[in-house]
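One structure coming up, written as structure tokens, with questions to follow.
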Amino acid sequence: MRILVTNCNTTVAMTREIAAGARAAASAGTVIVPLTPAWGPESAEGWLDSYLSAAAVLDTLRVHDAAAPEPYHAVVMAGFGEHGREGVRELLDVPVVDITEAAAHLACLLGRRYGVITTLERSRPLIEDSLRTAGVAANCAAVVATGLGVLELDEGPATTAAFLDAARRARDAGAEVLVLGCAGMTGLKELRDHVATELGLPVVDGVAAAVQLAESVVRLGLRTSRSGSYAALRDKRRVWGATG
Amino acid sequence: MRILVTNCNTTVAMTREIAAGARAAASAGTVIVPLTPAWGPESAEGWLDSYLSAAAVLDTLRVHDAAAPEPYHAVVMAGFGEHGREGVRELLDVPVVDITEAAAHLACLLGRRYGVITTLERSRPLIEDSLRTAGVAANCAAVVATGLGVLELDEGPATTAAFLDAARRARDAGAEVLVLGCAGMTGLKELRDHVATELGLPVVDGVAAAVQLAESVVRLGLRTSRSGSYAALRDKRRVWGATG
Amino acid sequence: MRILVTNCNTTVAMTREIAAGARAAASAGTVIVPLTPAWGPESAEGWLDSYLSAAAVLDTLRVHDAAAPEPYHAVVMAGFGEHGREGVRELLDVPVVDITEAAAHLACLLGRRYGVITTLERSRPLIEDSLRTAGVAANCAAVVATGLGVLELDEGPATTAAFLDAARRARDAGAEVLVLGCAGMTGLKELRDHVATELGLPVVDGVAAAVQLAESVVRLGLRTSRSGSYAALRDKRRVWGATG
Amino acid sequence: MRILVTNCNTTVAMTREIAAGARAAASAGTVIVPLTPAWGPESAEGWLDSYLSAAAVLDTLRVHDAAAPEPYHAVVMAGFGEHGREGVRELLDVPVVDITEAAAHLACLLGRRYGVITTLERSRPLIEDSLRTAGVAANCAAVVATGLGVLELDEGPATTAAFLDAARRARDAGAEVLVLGCAGMTGLKELRDHVATELGLPVVDGVAAAVQLAESVVRLGLRTSRSGSYAALRDKRRVWGATG
Amino acid sequence: MRILVTNCNTTVAMTREIAAGARAAASAGTVIVPLTPAWGPESAEGWLDSYLSAAAVLDTLRVHDAAAPEPYHAVVMAGFGEHGREGVRELLDVPVVDITEAAAHLACLLGRRYGVITTLERSRPLIEDSLRTAGVAANCAAVVATGLGVLELDEGPATTAAFLDAARRARDAGAEVLVLGCAGMTGLKELRDHVATELGLPVVDGVAAAVQLAESVVRLGLRTSRSGSYAALRDKRRVWGATG
Amino acid sequence: MRILVTNCNTTVAMTREIAAGARAAASAGTVIVPLTPAWGPESAEGWLDSYLSAAAVLDTLRVHDAAAPEPYHAVVMAGFGEHGREGVRELLDVPVVDITEAAAHLACLLGRRYGVITTLERSRPLIEDSLRTAGVAANCAAVVATGLGVLELDEGPATTAAFLDAARRARDAGAEVLVLGCAGMTGLKELRDHVATELGLPVVDGVAAAVQLAESVVRLGLRTSRSGSYAALRDKRRVWGATG
């Protein structure tokens, strides 16, 4: 099985980390095909970035799809809380799984309430809205920001302290499971293990969760419904980016 | 006062109709500055179109803003149910009003429940989500599709019949006020009056409502909050559309 | 355009402040006609006062309407969180805007969540219920009481301190915009500016918001729906207050 | 035990029926003291009537309370969906039970969802709001109007047919229990039995339910909380009805 | 009238306390018939205990019902937050009242929001879900745990301190009325009075509330609906517990 | 990997079908270990059956767990809408996935709204409550009953007609994806394909979905949270079924 995993921003180093996280989570026989959008923001932090990212990811998939040398069986969208998911479902015939919803789906199986640890406070509303639209917000106890930008994440002491603090606030709000609320956190393995041990809570990574869910949907032969919301696109004139 | 009114698609004839609707609703002394996105879909019908439109509108405003010969005092976004609203609030310093929310805000003042008459069934979920995010979904009784595409709207008998049928379904679902759920309906004045008379319900046009609300916010000296969701944008590398 | 602005209590000094606030917000050409109820409580603080106020305002409008020397085009009800709004919509043919809903409608345009600063804790439930019924509660982050009675409001240091404290609690609960939750606050211009500056949040006054919305509805030729909730009154015997 | 049962309108014949219904439901040893408001509407149908009724009932209880020859232990408010309940809780020291909430409380014990059969369509929103405020709306499947005015109710064939039709619509919406949604229905014993038999559903009368709940609260020595919403009234100047 | 009151666990001393509480709340002429399940957990604390208790109570009632020397008129289920309620409604022809819902129903009459004081944190989710299913969760401000196990409850200083602390947290969350969230609290009369006095809030005991509600339903001749959720059981093979 | 799949009733033929469905969905290398409860109902249809089933499944797992010759890595609970899920999470150390939630989780990835086709009308409320508790009810458009009992399901024309009718009602209520709402439907492969083709909607089987999700959770090394709701069981005396 081949799964296309799209970063939502143009930072190639992050695409690499996401691909590594996806590969670590994939079953034997699954090939992860990473994709960096051809344009867009270098990191998605807030509404404008998220809308820019959505169009860039759609455009890149559209072009890639036309030119793809080999077929792929599913798409994983690796932008936590970012827009675009529903548009990709209209665009492509293969199943589409977004890391935001994926993490929440698995978290719901592990505890009665989950909490999301994310980057900046300005990402919180996007994540809340994305979970709600995906139908998995009901058991979300809290989305808590660490105050760190997407490209500032590392495994140093400041990040660790910010994570532990955010995780404790999520737990105090009722979270029994933690969700890593940024694609850029998929590579912070030591940090994640540290938080899990310190708080005694399972920690779900969205990239890993989405790869597993994408595999599941493919294995069961399921596809996106073409009746209703995700009906096939209408033919029309669309221009993707200003000309010259 | 100058209000920039952006179409959400690239169809210039529609921009013209929107501008006419906006001018008809504007107070004396208000100048309507119409804007057609430099790129995007020729009509927005569904998720992919909406995300493409959002990025195109943001890019066009961004470039326009840098180059604007005269300042404007507010922006009206004339895409019913389309994405982008929150991003424009981050981007610009002037107040931003979207026609979706604007129609709903005024409709709430006129009856206990309102209903939206829109174009295609595939636009319904976008409108529902947009109303919910804007905080005005609670009193929406129904969003009903006529089955007509954005560019198929006219004042002929087929459109009229489809409108009356949709309006009756909205009323049967509890609507006491009707909202025109497409920017392209702003010019259908006779049709609107016919439906209003036939059903005995007030009909709210989003373009007109948004112009009035934008004027109100400007007159009261209010501006978008920069604390929280709509904080000023972070400086970063953003590429708007593929090169070459 | 003539807008009738009703105080919800019998304190004439407060009617004067409300009228001043309304006039400051009105467009050129709009005449504000203030009205003090012929009976009722001297301030509305809690359920009993609110119900008493509702009947008194309805009675006063009923009598005034019969006797009015000149027509008016809309009514603004200046009691924050007070009952009566829907009854006035049944009673009168002109549009009716309540300051509670009006402030919330405009606040929704300025931030993702708003908070209300009000007087006594006992007014909080009324405001919460009023926002919910009006269909604009979804984005209300908190209603916070200052602990000051309606007639105790001034611009002294105690009021200022109480306001700042309440405003901070609203912001900590997620409010990105503040709403002044009492008609008696419309005159506290310095205090409002101080809070806005101190917290960096826009502050919406319900009286001003309602005047603007009333003007908008009138300008667009919209009227209250007579289908459903606000159908014209049935003829019947009604006695307004005990006889002798 | 003495329970004061207030009609919400000025129609004495209806007070008599309500008193009869209350007596039929009361335990041995409970004395029902009926009360007709000194002023107000002859029937409450819609918002204006309901607000007028609320003030009239409050005023009548206030005067009655001062002048009462013998103490009473609880108040039952016999207006289905009418306002005033919370104000009476502020005004009086004895427990207060409204027939709207009472019927819903008991109905919840008898089936998973209940439906309310009421008079005019215009009463539906008031009932929905009243159930929501009372905290018992979650299991309400539907409020269905018969189209009959309060003073048109009888046990003739037209009423019966309208009732059966409304009851079937409620059942089709999921109701497993029916609630009589008007105080004036308490006397329609044959009609109620007919509907119950025909549809095979239990039918709850609000007057009877409220008397039982009032007795329960009194027997258990419980009283309205004075902390928060229903704190004792503040001393102030209140005028109940226009002078002269 | 005879009311069967079932403990939800096998601790006979607790059945005795529950019976005493039920008798203290019953009207003259009501006979309380206590019942201890023939099997199950010695205390119900968490999901597994609750499901075990549900089956055990159902089995005991089933056997008891077949063998009962005298008929009873209603069943009170005395397990706060425990499962089984809806199954008993299917099983038996007499009305069934659960102490969880009963306490909430009466509490809603006494204040705008109520709070539940319970034993262990692990009981909180069960109580929240039970209130929601019963349709009375809307006005629940908080369920707060004391940290004490069901069989550790007494009237010593540690329990008192834990109770006061939990009660204060409930009040701070908006509770105007307190509910005792464990059947084993029905006997803690002094403690309850102490908390009520200290905080100035009414305190509702579920056992007492359920007895009163059961009496009410019986007096009014109401029975569980057999249409829909609680239809009579289908005949089939059921084995109640493993054969040796 | 070994996954224990428990039937929720005592009908061995149904356990066999469930096991076949599970095996068809499992990845290479996954061993499905079927389990029939040692006691309980022959089919679970309604509340009493569901509670009986919950205790029987818990008891069987408890005994089986003690006696298990080889460890297993996850448990799938194959009762659609039945109780017990949360108790099994307390009891066992391995991850637990219930087919109700599993089907809903995958369905949410395939369309904006899903609908459940189930057996008897009396199963509907249990399914609705189970989805809500699992946190995935928000995007459920409808649960529709075919009117067929669990043991009456086959692939004959009557079942097919009932299925198609129920599926159409779900689609008309907004479902874009269908979920098979009974473990006994896992074997109806032809019927399922027929419905999927006829309506053009994807159809999700809960048994298959749960096996895939269980595999995912195990592969990612995730486990049920022991903090909060699913804390390890307290030691206490528990009796599982009446003695002699």
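For reference, chains read A, B, C, D, E and F in written order, and residue numbers begin at 1 within each chain.
One rule holds in what follows: a residue touches a chain if its C-beta (ideal position, glycine included) is under 8 Å from a C-beta of that chain, and two chains touch if they have at least 3 such contacts.
All figures in this text were calculated on a predicted structure; none of them were measured in a lab.
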{"item": "Distance in touch steps, counted as few as possible, from subunit D out to subunit F", "value": "2"}
{"item": "Reference interface B-C: repeating pair among A-B, A-F or E-F with over half of contacts shared", "value": "A-F"}
{"item": "Inter-centroid spacing, subunit E versus subunit B (mean Cα positions, whole Å)", "value": "53"}
{"item": "Subunit D and subunit E: spacing of chain centres that average the CA atoms, whole Å", "value": "28"}
{"item": "Centroid distance [mean C-alpha coordinates] between subunit F and subunit B, Å", "value": "44"}
{"item": "Multi-chain contact sites of subunit A, meaning residues that touch two or more partners", "value": "86, 112, 125, 132, 228-230"}
{"item": "Chain contact graph, described as a line, ring, star, complete graph or other shape", "value": "ring"}
{"item": "Order in which chains appear around the ring, subunit A first, subunit B after it", "value": "A, B, C, D, E, F"}
{"item": "Subunit A residues touching subunit F - in the complex, by the definition given at the top", "value": "25, 27, 86, 95-97, 101, 105-106, 108-113, 132, 134-139, 171, 174, 176-177, 199-202, 204-205, 208-209, 212-213, 215-217, 219-220, 222-230"}
{"item": "Residues of subunit A defined as touching subunit B within the complex", "value": "10, 38-43, 45-52, 54-56, 58-59, 63, 83-84, 86-91, 121-122, 125, 129, 132-133, 149, 228-231, 233-234, 236-243"}
